[in-house]
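Before I ask anything, here is the structure I am working with.
To keep things simple, chains are lettered A, B, C, D and E as they appear, and every chain counts its residues starting from 1.
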Amino acid sequence: MLTYTLRRLAFAVPALLAISFIIFAILDLAPSDPTAQLPLTIPPEVREKIRLSLGLGEPFAVRYWKWLIQFFVNEPLNLIEQWTGWSFGDGDRLRVLSWQTRSPVVDLIAQRMPQTLWVVGMSYVLGALIAIPIGVISAYRQYSWFDQFGTLFSMVGFSIPTFFTGLLFIVIFSVNLEWFPSIYDTTHEVTDWESFVFQIKQMIMPTMVLGLYNASQISRFMRASMLDNLGQDYVRTARAKGMTEKVVVLVHVMRNSLIPVVTVLALNLPQVFGGAIITEQIFKVNGLGQLLIGAIEGGDIPTVQTLTFIFAVLIVLFNLIADLLYGILDPRIRYD
Amino acid sequence: MSDAAALDAPRAAPTAETLLRVQNLSVHFPIHKGLLRRQVGAVQAVDEVSFDVLKGETLGLVGESGCGKSTTGRAILRLTPITQGRVILDGEDITHIEGETLRQRRRKMQMIFQDPQASLNPRMNVSGIISEPLVEHRSLSRKQMQERVYELMDAVGLRRSFANRYPHEFSGGQRQRIGIARALALDPGFIVCDEPIAALDVSIQAQVVNLLEELQQRLGLTYLFISHDLSMVRHMATRVAVMYLGRMVELAPREKLYSVPRHPYTQALLSAVPEPDPRREATRQRIILTGDVPSPANPPSGCRFRTRCPHAFDRCAVETPAFRKLSDGHFAACHLSE
Amino acid sequence: MTDQPIPAGGATPAGGPALVAAPAMPKHRSQWSDVWRQFASHRGALAGMAVFLFIILLCTLGAFIHDVDPQKLDIRAKNQLMSWEHPLGTDNLGRDMLAQIIAGGQVSLAVGVTAMLLSLLVGTLIGVLSGYFRRLDGPLMRFTDLFLALPLLPLLLVIIMLFRDMLRTAFGPESGIFILIVFVIGITSWMQTARIVRGDVLALKEREFVLAAKSIGTPSRRIILRHILPNVLSPIMVSATLGVANAIITESALSFLGLGFPSDFPTWGRLLYDGANFMTLTPDRVIWPGLAISLTVLSVNYIGDGLRDALDPRIRGR
Amino acid sequence: MPLADGAPATAQQTNGVDDAPVLEVEGLETVFDTRDGAVHAVNGVSFHLRPGELLGVVGESGSGKSVTMMSALQLLPSPPARRTGGMVRFRGQDVDAMTPKAMRRLRGGEIGFVFQDPMTSLNPVFTVGFQIMEPLRKHLRLSKPEARKRAAELLAMVGIPSPEARLNDYPHQFSGGMRQRVMIAIALACEPGVVIADEPTTALDVTIQAQIIELVKDLRQRLGAAIVWITHDLGVIAGIADRVAVMYAGRIVEEGPVLEIFEDPRHPYTRALLETMPHLEGDRPQRLRTIPGQPPVLMETPVACSFAPRCPHAFDKCLAADPRLEPCGAAGHRVACWWTPPEAETEVPA
Amino acid sequence: ERGADGQLNIIYWQAVSILNPFLSGGTKDVEGSSLVLEPLARYDETGTMVPWLVDVIPSLENGGVSEDLKSITWKLKPGIKWSDGTDFTAEDVAFTAAYCMDESGGCQQVAAFTDVESVEVIDPLTVKVNFAVAKPFPYGPFVGAQSPIIQKAQFADCMGAKAPECTDANFGPNGTGPYVVSEFKPNDVVVFAPNPHYRDAAKPAFSTVVFKGGGDAAAAARSVLETGEFDYAWNLQVEPEILTQMAAAGKGTVVSAFGTSVERIHTNFSNPDPALGDARSTLEGGKHPFLTDPAVTKALSLAIDREILVEAGYGAAGQVTCNVLPAPEIYNSTNNDWCKTPDVDEANRLLDEAGYEMGSDGVRAKDGVRLSILFQTSTNSVRQGTQALLKQMWQEIGVETELRNISASVFFGGDPSSPDTFQKFYADLEMYTNNFDGTDPEAYMASWRCSEIPSPKTNWLGANMPRFCSEEYDALVAEMAGTAELEKRAELAIKMNDMLMESGAIIPLIHRGGVSAHAVTLEGVKMNEWDSELWNIADWTRAE
């Protein structure tokens, strides 16, 4: 297991370097321009100056090298300094700066993290919480009305674009019923019961929209996995031992069925960090997804590069975690 | 039975001519481990196995699951890479031939597989399956091809009208017949039968075995008959070879092997086979081996059987017993039988 | 009592020992008719098929029956609800919604099908090669992993920005963006297919019929074509249906992000997005495209479900 | 209910009070609903099992051996399986009338199961210890340490070395033979009166099979459980069974003490089975005897003898009416056939 | 009373990225910072300049502007304090100029400081701006929301290349305005609190201002007009019928104001034929095959029913215009009003006369040159609607149109490597809106000089998209630069405007105003297109 992990990690490093290069190169080729958003009244000479002040004058290799240093050396050092209070050198390191805000990209990301995790993460958890029981019951009672309904539900959930459900929710619940706010308040802090209720209220709609979408996918998966396992011989053994149906299904079958589901959940987790661009846009959650799309639109290349690369790191990391989870959950898998 | 006359005909007696010679054949599957995926060892699936197969005979190959029977068979047919040793078919060394030469040689040697379900492509119909070798090796017209397929179907006792059916529409025995017809398509002289009856019911087994015997007589085939059913091997084979953990432990003409087994493993194996005779069973003294078969990736030193051998002594651990001739045609690899 | 043989055993074919077909052996049917039978017994799949066919008919023949130019503006007849003249109402520039949905459907379905074909082609090719040839397995799977690790959305956006013009000049504004979107969806969605196919090929490779083909001397190329490909057909078919659904949804999301087709080139996603703000004013504008997308995806998904069952020999059984 | 009036198994052999059967099955019928129609897998099977007895059940694949046993204990998933008739009694108690709770106590507690495939019958993600302790804790209400101790004893009993340590291992860390021993340990955990072993050695090598058979013989002497041993290998049966039931196409065609069955088989099918097998010793026939044809597809309840199409002795009656299991020959020997072997013609059914 | 009216919620669907307007030219950023930073003088809702941090506006009459038009002297209002309590002095004003004029700082408002030679501090309350040339309109620096004053003490270490690194200052500048930043999440939300040192003790009325960003215009409108979650929403470029419908909920009011923005079509006088390669859309590539013919452009203009365009896409936010310079009022020409009444027949007649004959496919052609037009604009639903309408209107006169839209960031991005920028103009027509800051059109009208034509030589920089080139026009521009008198300046501007219209270089469509919405309970909003919309936020109050 240990050497397996090490091997995977050893592969991850060159892979990530390759990815970072691809990302940097592709984005560098992109015809987006940091001064594009400026009003037309700003004369071209000024634009040119602005571009130069953003470091766009240097050759590609130099910029890539600088970015690598900034990302792999300076930012981690800063993080360590922040966490531990130690200091390395003069602390005056060049950081990856966003063109739009002229502030360190990493800080922006840190700022966006909470709402993304709250809303998107919650919806993920919610999706799993809804989906797993549905999947279990659907499989256990295959072809029952519950199963048929569950299938329909998950397929409908999958086939309606979130931008449509999101808007529908707003029209129904914000405009007509006035139950929930249509705009997410990112400055809101939970201090007491009332503010907690507000937080829940403002999270309900985005979480539901995303959660339903996630649930529809996970429940299909769970059902298939349960069905696979319900037909296994060991289920018969468990019944023959006189175990109650509850134990048979929830202990014996569940435990086995969850193995692939959990790994898939882990594999898809980076999507949580990637943010649900569309949902965030609709409810103004302004998480990482919105940061990314804003940066793309605004031609803020350092932000796009950094964010994209962080996603890549997360994907690679969670791939590894999923593999390890598989090994941990399933004693048959021994990687060595 | 309509062909009772055929039954009375004498069995094709093996001539002394050697059709296949296997010399020191080893097949090792490398095991890779660690950070750099270095090879740290090998599954010694087949190790230093030598034997001859005479023209027209049936050589039975028996042994427990995982002892390397199939691997031996596949290595002979060049279906798995050979680590060491030589395979000589019809006087030609086929150990290292490649490409088109190998493809041509394949016409001489064919295989019948254990699982009649798995060995037929479920998406091809019977005539497609049987004609595949013809398509690959003969340039026949559509009509000739059809004719040949019908001939083969007749030979194995399949109705011609089945030609357009798919494998899943047949019973196990019929499927095995399709497999046999495919193996016969190119008129091979030599057929490796890899447990052709293991997956079949008793009542069907007999049909297939009879068919194989009859074809052998009619076409003068030579079989390497792999099985773990000692009773069936006794019925089929002219000579029998016993393998244990990748090594050959005993090889003898049928009668000798069953009446005077010399290797302790052969003895244990024979005594473990249950006989459908309650009276004999009640009085039979079994040799019960203890423990499990060790892993071929990490076989015991010296004699591989020593960990389970009731007669093992010190020498067994240090010295590998040679596979030596004990009497005419009887070989064994055991220190006790020196 | 007499030892009287009865003829029930049936005739013995000449030249071989007796082997009798079981009397209940089903009449010969081809494998596909078997698949169809199984498929037809899946009610959802059948309904899905019917709906999907209906949608396809609507989008192809519909244009002849309702031959209104989807781009015709009639500002005096804007924002209308359902009427005889405009069965599904009009948009805020007075374009006929039915005509737009028909035209949009052609594009959306074409995008869905071609993108799916592309991703299947790539996925199957890579899956088969890496599953069958041990030496290619490592590199190809690393390649697939790399693709899986690339955050696709931003790159996708960048690709669209980068190549839009090249293709536009080469193929014209509409086919250009069509090719681009199909390509983008295709190359970002083949990885799952590749993995599934590879897994199946790995398992198939160990099946004895492949060994049998090898022992016959069939070269790898033909083993793949004759024995491997037909047997990975079922996961491929299932991927295909999911692929169509996925491509239609992705196209609509691209439209939402403003990266889809130009606005005078309607697709369902585009129509839905453009109509979203009119949800309360002219609900027709969101209901119909929304319904079209959902029904298509739903029906295709059900077809996939049915196919999965029908192609699974374990279920199809005897 | 074709066999409702068949001679009740209990009416036979009254050797004493102790011999009251622990398990009685009467006229059991089970149907599978498939897309192609109903498969009549079990058609009126009756048998009984006395304490301490080993009943061998033989028959070819698909003859309904497993389904009979599982259906009797309601272990078949429903749908597709459906019981359409019959009665099952355990120690005189109607099993079908039991509450789910009593049913669970019966399974595992009083009837142990050993299944054919030791590779898949154990749950791969739980330790062997957990799986042995489960019935102990549930049925015997043992505390965790007690259950553990007992589990180790059980493992030791079935001959697994260093049982304490191996309790923490997972099934995949055991070899096939050891897994089968674990299955036996689980079946015996609560010291059941009846053990049903469904082809427990089919997946194993002969040398390992011999080990298991010896183990079972030994355990039987020590624990005195009654055993139903399902197999298709007549050889295995010959060595261990007291009585043998031969099944064909969902019914028992012949039943009797083991010596009777092997030495005086009455049913043509039993005879054919015995003749098709090659032997390790004795004569080697030129050709093996075959049974032509194939087992029937069980799509409808048979009205005639199911074996008739393959039977060399079949005559008109065989096609017209379905023979019932009738006593014949020695005590306890019953056969379902209209044909009487020539040498037995003089014997009068008891 | 200060802070008595609770919370004010403002939504700008484009979120604020930075609160230092010198580092971002984005309107959202300028407006966001205008709650904190103030200029010396600004424009009110009528476009009139009003003194803000001074008592009077310097002029020739009051002697604030020197006779040679080369300097202007501002006298600061005494007693003004920064939000940190320190005094606001002339040093700050001079520093602001130095900050923005630093070459390496990338100041985005440097245009306001064009021709500024030096800024002298005369005394703590007097500052003098010296220009290198005579400036008839010297109100560029320190006037309007784009040119506010930042505090020297806070930004002293942030000069030049270090400017982007002063994140704290850029995110929370000290100001003299009514509010101070209390929390800032870039591209998301700014929270403001009242400035404790604001000069008017009774203002501002709100204790908190939440300035939220993100989403789209329709959602912003909805949040004010329908759900009432927000009090003020900016720049509601939404289809007019939707706005009307939302406003019907009664929770808010839609307000609009007109500045100098005109949605116009630029005609490409050069040849955009791809076959020309590098010479494409340049003067070297030659004239456009038919657009240089005023008959064609006039016909195109006549065929347009501008009322329909207003109705379909702009509603309250648009008025028909026939000038590229429609405001302020004194600059507005009336010579082109023929375009206000569409006349398809007349247009057809003009084309017939010019020799363009109707082909069998419904497209006119002359000498094999078909009137087939590639018409590009930036991606935006209103523009696409307008494009589609225009396509149809031009079809009536036998002109074939291919529509094309390009993502705004690319279109306006100015990337010399992209073929899709509005400067490269690889199309026949292009449509977008432009305007000028403040009220003086001099620089704006100078855009159409010959020297402003973008070309590969100038790296495609330049504002003269139509490639219009006329010596006469250039002379008029030069003349205006030397004229200080307002009426005379107006006359010149109108002349230039008319020249552009007659040549057909520009087809003006709509005079666009800003549209915003505010809650009915919000009082004091004076919608202003000449300055920040939030210019008088200090006076905003909540109605009972």
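FYI, contacts are C-beta pairs under 8 Å (C-beta built on N, C-alpha and C of every residue); 3 or more make two chains touch, one makes a residue touch a chain.
Since we're looking at a predicted model, the values are computed, not measured.
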| item | value |
| --- | --- |
| Graph distance between subunit B and subunit C, where chains that touch are linked | 1 |
| Minimal step count in the chain contact network, subunit A to subunit D | 1 |
| Centroid-based (C-alpha) most distant chain relative to subunit D | E |
| Chain pair, most C-beta pairs within the contact cut-off | A-E |
| Per Cα centroids, the chain farthest from subunit B | E |
| Euclidean distance of C-alpha centroids - subunit C vs subunit E, Å | 49 |
| For subunit A paired with subunit E, centre-to-centre distance based on mean C-alpha positions, whole Å | 38 |
| Centre distance in Å when subunit A and subunit B are each reduced to the mean of their C-alpha atoms | 56 |
| Whole-Å separation of chain centres (CA-atom averages), subunit A against subunit C | 27 |
| Residues of subunit A whose C-beta touches two or more other chains | 31-32, 175 |
| Touching two or more other chains - residue numbers and ranges from subunit D | 290, 294 |
| Residues of subunit E whose C-beta touches two or more other chains | 410, 418, 420 |
| Contacting residues of subunit D [partner subunit A, same complex] | 70, 73, 75, 77, 104-109, 112-113, 115, 117, 120-126, 134-135, 138-139, 170, 172, 183, 186 |
| Of all residues in subunit C, those that touch subunit B in their complex | 12-19, 21-22, 25-26, 28, 30-31, 207-209, 211-219, 222, 226-227, 230-231, 233, 313, 318 |
| Interface residues, subunit E side, partner subunit A - complex | 11, 15, 17-18, 20, 23-27, 103-108, 110-111, 161, 163-165, 167, 170-171, 183, 185-189, 191, 210, 212-216, 219, 222-223, 226-227, 229-230, 408-410, 412-415, 417-418, 420, 432, 434-437, 458-459, 461-463 |
| In the complex, subunit E residues that touch subunit C | 218, 238-239, 241-242, 245, 274, 308, 311-312, 379, 381, 384-385, 387-389, 391-392, 402-405, 407, 410, 418-420 |
| Subunit B partner contacts - residues on subunit D that touch it in the complex | 60-61, 175, 177-178, 205-211, 213-214, 232-241, 258-259, 262-263, 272-274, 276-281, 284-291, 294 |
